[in-house]
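Look at the two complexes coming up: subunit A is in both, with subunit B in one and subunit C in the other.
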Partner chain A sequence: MFLHILKYELKNGVRTKDLIIWLMVFPIVLGTFFKIAFGSVYNKTEKFSAIPVAVVEETENPAFRQVLNGIESADEPFLKVTYADRAKAEELLDSGDIEGIISSADKLGLTVKQKGLSQTMLKSFVEQYTLREKIAMDAIQTSPEKAQEIISSLMSGTVSSCREIPLTQGNPDMYIQYFYNLIAMVAMFGCMTGMHVTMQNQANLSALGARNNCSPAPKLVTILACLTGSFILQTVCMLLCVTFLAFVLKVDFGDRLPLVYPAAILGGIMGVSFGFFVGSVSHMSQKTKTAVLMSASMLLCFLSGLMVGDLKGTIAQKAPWFNNINPAAVVSDSFYCLNIDEDYTRFITKLITMAVITVVFIMLGFIISRRKKYASV
Partner chain B sequence: MEKNVVKINELVKRYGDLIALDHFSLEIKEGEVFGLLGPNGSGKTTTINCLLSLLAYDKGDIEIFGKKMTPVSYDIKKEIGVIMQNVAVFEELTVYENIDYFCGLYITDKAKRKQCVEEAIKFVGLEDFRKFYPKKLSGGLLRRLNIACGIAHKPKLIILDEPTVAVDPQSRNRILEGIQELNRNGATVIYTSHYMEEVEQICTRIAIMDKGRKVAEGTKDELKRMIKNTETITIEILELPDDIRREISGLPHVYDVRFEDSKLVISCSGGKHNLTRVLDVLQKRELSFGRVYTELPTLNDVFLEITGKALRDKED
Partner chain C sequence: MQVFKTMFKVMRSRLPSAMIYIIIFLAISAFVTSQSTKDNKFEMNRLKVCVFDEDDTPESRALTEFIGKHNDIVEIDNNRDTITDSLYYKTVNYALIINKGYAERLAAGETAELFGSYHMDESYSVVYMSKMLDEYTGSVKAYLAMGKSLEEAVSATEAAMSQETEVEMLRVDKGGDSHFSVDFAQYFQFMPYILVSVIISIVSLVLVTMNKKDIRYRTNCSCLKNSKYTFQLFFGSFLFVLFIWLIFMVAGTVFNKEMYTGRAWLAVLNSFIFSMVVAALAVFIASFEPKDNILNLITQVLGLGMSFLCGVFVPMEILSDGVLSAARFLPAYWYVRANRMISEEDAFSSEGVMKCMLIECLFIVALVLMTILVRRLRYSSASIGSAVKKATA
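On to the complex of A and B.
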């Protein structure tokens, strides 16, 4: 009986267009949109690290050449240098092959054709070099014995003035949070499949529910089979979602991708149980329940900062307990912990919280649904 | 002596201040096609829902197959087939899959189930539609699928709650013939409707309900004998002078004369040659008239006389 109901629950689920749209098409479309929107920023970042530039050496400047060689040999060079004479350099600038011309004479000069981020960075580089060169020259004159040390120090500062040190090997980039939020939102959409379970098993909610209640199949068995089917469907959707983001869109989840999967799966199961609970609590039509459920999950997502980033922080200050029971906040927090924390303590705590919330929702749903007779049908 | 398949005793169901079932009692014998007839809101569906233990009721007892019916009476439920008023099928499963799903809740043996599903498909005439999804079916075919889902497991008691609502005449006839065939094959049938013609056509015994009460019960002939009317004569006529109307009212066995919308309607109770006597009066006064027809009493007349109102709304 259990397997028979489970088989048809799965068949019914994979053919339900609404579920497929919200659980599969929606994350693919929105994830692709995010990738297109934020991908250009990533690409520009790569370009910033290797800005094509021509250097015209009007007088020989070995120190400057050494700095340029140092920059180009770095792991992530931000300049791609072409040495050329003035005419060739201007030709390259006109053709757009380079972003600017640095002329090396008594002092450095910069020629650009247009304004932009690359040009601003070149200007900043030239200004920094000029400033540091002056500091070095002054230091050599005042303390010649420390000249080498000072030059080394200044050079390293020029090549990498500021380095962000992450606590983990994850990707702490702010853009990755959008993809984590997307996964959390898909997990919450699992509530729709959870609601379907109650709709088709309670006689006072649908004709199907009435027919199922007339059958000799025990209610516990039918609900458990339907819930299992919903969990399986939701799990597959979460797996596909994370896999699509990681391997098709090449979203960088760092070295903790394997842990993103269990968090996403548990989040999805919690979403299903949330829908099962909300679906059980009152005698409303399917349309009304769908509207209530979508509104509730959107509100919880909103309060967890999935739409407005700083709202979760505000709630954390005013009512910190709420973030611990808000399913959407718990899901997004688990990803946040995974990304930021070095150890797994908070991440595991979040997983346990999700499991507890899931169990509570399912138990409450069962208690409400186990009614054998209804006041009205 | 025939066994009672269903026994309802003094059932009371209230929705707040509204009494939906008012000390309603009923006994249905094995092999009957029992009709529950009544207007919308009379309590037919509430009776069925209480019978199936879907609804909690305030007072009374319900027994099916001699056992008290409760929500966990799975042994009783196994022998009942239910066809609800609203079509209850999965939109995303095909005709075959829907029938197989519901049949599988009753029959676990796969081979037996497959045979039952095939027989149900054949029974409702959906052989050419087994791979169709419900949304591709017409209203009539959808109703047939609804019925197949309820009877595939070959139940001993079949409960049909207004199964022909919004069904075309061809499908309706097929459904009614099917119900009679199920009965011939040994099933006891409870059939609720507000279509008196259907109930008259297929039911061996009928209970008429109004405002949650049983107002009459018996075979259709027994019910018709309960009322005064034995014949209704209708004559299309343009005008009816008062003196002629008085003369017709005075004829033997005539107990009611109405003239409305150019129709003279005469109700008679007993007697023979009532039509001849009425036509004699009209011819004697040289009044021209159009179509003339007489009708035997219907269940609507029974309901009208017992409750003082028509069984169906005019739009029905």
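On to the complex of A and C.
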């Protein structure tokens, strides 16, 4: 009986258009858009690369030119310098080819177009040059005998005062987490398949439910078979989604991709059980249930950062406990831990959380839907 | 005006879901615009820095205080996971450790490895902060070499490093009367997404409902003239779009805290034209009579797709050239282009803005023509005849 019901559940699922649209097509489309939009943001805005700048020499300033040459010939140059006249430089700045114009006369001046970190860095570069000039002047005034030595030690780029302690081998691109949340969204949309299970077993809501309720098969077997069917369908959706992201869009999940799959599948199963639970709680119409589930799962995804990327970081500061129970955040965090952490402690905690949430929802669903009888429909 | 009235009855049933969109959008805009500054003056970027002071001497505290002048000092737990998460989500840009023995070694003129920093990636913040620290310690060392005491050297360094360079902005309010700040332009920039979502999901849905087979057959055999029927449909859709657009414009004056003036009117005109483009698009989509769930998908794909491709969600300069040249075939691209010119993010020229608006108008014309074509093909007497034959067969 179990297998018979399972077979029909699967057939039924494959023929549901909603399922294919929202769990397969939509994530693929949205993932592609994310890739187009966020694919190069990190490299262009966060990761450091030499800041392009134009230098307008209003009067000859060989010392400054020498400093610039020194910077440009370094291993990792800080600036990319173009020499130009004022009009040409402004044109470059306007078209976004350079970030700022440094004009060198008696004093250095800076012209920028926007406020931002690279502009701030240019400002501090100009100030640094002025600072060194001042120190050199101070040195000549206070201790002329040592001045030469002080100036040369200032100019000879000292050893770095700061040792960097690496935190992770993973991919530090924070925009990747939009893809994590996309997978979490597909997992949460699993609640729709979960809800269909309950629809098919509530006689007052669907003809199929009425038919199922008068069949001699035990309810436990029927629901278990239906749930298994939903789990299988959801697993297929999750596999498709992760595979598409990882291999077609080439999203970098870190070096532990094989472990992303089980986490995604477990997340999907959790989504189904969430829908099963909400569906069992009440006898509202399908439309109402859909609305409740859709808005609930979108809200959870929103709080996990699907729309606004840094929301999760903010929540982690204000109310860290919420990220540990928000199902969408748990799913996306599991990928994050897999990418960033060096050990598996946090990853395994996330998996256990998912498993516990799943079991709780399923148990509650069963307890609520057992012994429900329909005298007449 | 029966058709007109019926349209609004159908719309009313769909209004709650549209209101959710609108309210969320307005709430987010209220938040964003409340943080905006009106003047286009240069300000230093303030980084969020957390400092773990293991040395805890007057010198190290002086350094922390100095960093705090230009940056925001954030306190977080000294725990590896917390630090990793904070750096990843950029709630902290730089995590600095002042090593034990900092003051002593600095006094001795050593500058190597005085600090440690938790390192996530080679970002601008990291480069900026490490340059700043090198500069600070280098200057202290120089002043020490001049024979100053450590305390004097530190205060001399701080005084020297506090010299500010005047930064000029390219085009400081060159328009004179342009009361359309870059920050307020954001409000207009996000509008395409919300207009597409709300207008397509409602107008198309209503049109599809009015066009259901049974209802259409009933309307066709009424004594209402076909042209009158179409006119009422268009008039109803137009009024609805106008209503939604007005909501956003009124909300805009509230957020801007003043009536639109000067160039801001161009932005208003631009958004009106774009609303009309979306309305035409909605009518076009409706003529294919999509099912409910397909319509939802189309709405999402068009709304998100146009927003991501045309620089609504992410600034245009970040998108690759390939994406941008594909985006030229979408109306939102021209809307965003015009909006950027009006807010002076790109060089302003009235011909440029006019050109963008004209292209948007061409999209309207093209969409209306295509709608007429599709409707001719689908509802021509021949195709209805064959549909009836099929139904009776």
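Following the convention adopted for this analysis, the second predicted complex is superposed on the first by the 233 of 377 C-alpha atoms of A that agree within 3 Å, B and C clash if a C-alpha of one lies under 4 Å from a C-alpha of the other, contacts with A are read in each partner's own complex, and residues count from 1 in each chain.
One rule holds for everything that comes next: a residue touches a chain if its C-beta (ideal position, glycine included) is under 8 Å from a C-beta of that chain, and two chains touch if they have at least 3 such contacts.
Quick caveat, the model's predicted, so the values are computed rather than measured.
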For this session: Check whether A:Q286 is in contact with subunit B, with subunit C, with both or with neither, and answer first, second, both or neither.
Result: neither
For this session: Classify the contacts of A:R346 with the two partner chains as first (subunit B alone), second (subunit C alone), both, or neither.
Result: second
For this session: Going by the touch definition up top, name the partner, subunit B or subunit C, that contacts more of subunit A.
Result: C
Problem set entry | Touched partner set for A:A37, first subunit B, second subunit C, both or neither | second
For this session: Kindly classify A:Y8 by the partners it touches after superposition: subunit B alone (first), subunit C alone (second), both, or neither?
Result: first
Exercise. After lining up the shared chain so the two structures overlap, which partner does A:Y374 touch, if you call subunit B first and subunit C second: first, second, both or neither?
Worked result: first
Exercise. In the superposed arrangement, does A:T82 touch subunit B (first), subunit C (second), both or neither?
Worked result: neither
Exercise. Touch check for A:P216: first (subunit B), second (subunit C), both, or neither?
Worked result: first
Exercise. After lining up the shared chain so the two structures overlap, which partner does A:A203 touch, if you call subunit B first and subunit C second: first, second, both or neither?
Worked result: first
For this session: Return the residues of subunit A at which the contacts from subunit B and from subunit C coincide.
Result: none
Problem set entry | In the complex with subunit B, residue positions of subunit A that touch it | 1, 4-5, 8, 11-12, 15-16, 203, 206-208, 210-218, 372-377
Exercise. What residues on subunit C touch subunit A, complex-wise?
Worked result: 42-45, 47, 80-81, 83-91, 96-97, 111-128, 130-135, 137-139, 141-143, 145-147, 156, 160-161, 163-171, 293-294, 297, 300-301, 304-305, 308-309, 313-314, 317-320, 323, 346-347
Seminar exercise, completed: The subunit A residues in contact with subunit C across the complex are 17-18, 21-22, 25-26, 29-30, 33-34, 36-41, 44-48, 78, 90, 93-94, 96, 101, 108-113, 115-121, 123-124, 126-128, 130-131, 134-135, 138-139, 142-143, 146, 149-150, 153-154, 158-168, 172, 174, 310, 312-314, 316-317, 336, 340-341, 346
For this session: Note which residues of subunit B are touching subunit A in the complex, please.
Result: 15, 49, 52-56, 70-72, 74-75, 77-78, 80, 82, 84, 86-90, 92-93, 97, 101-102, 104-106, 108, 149-150
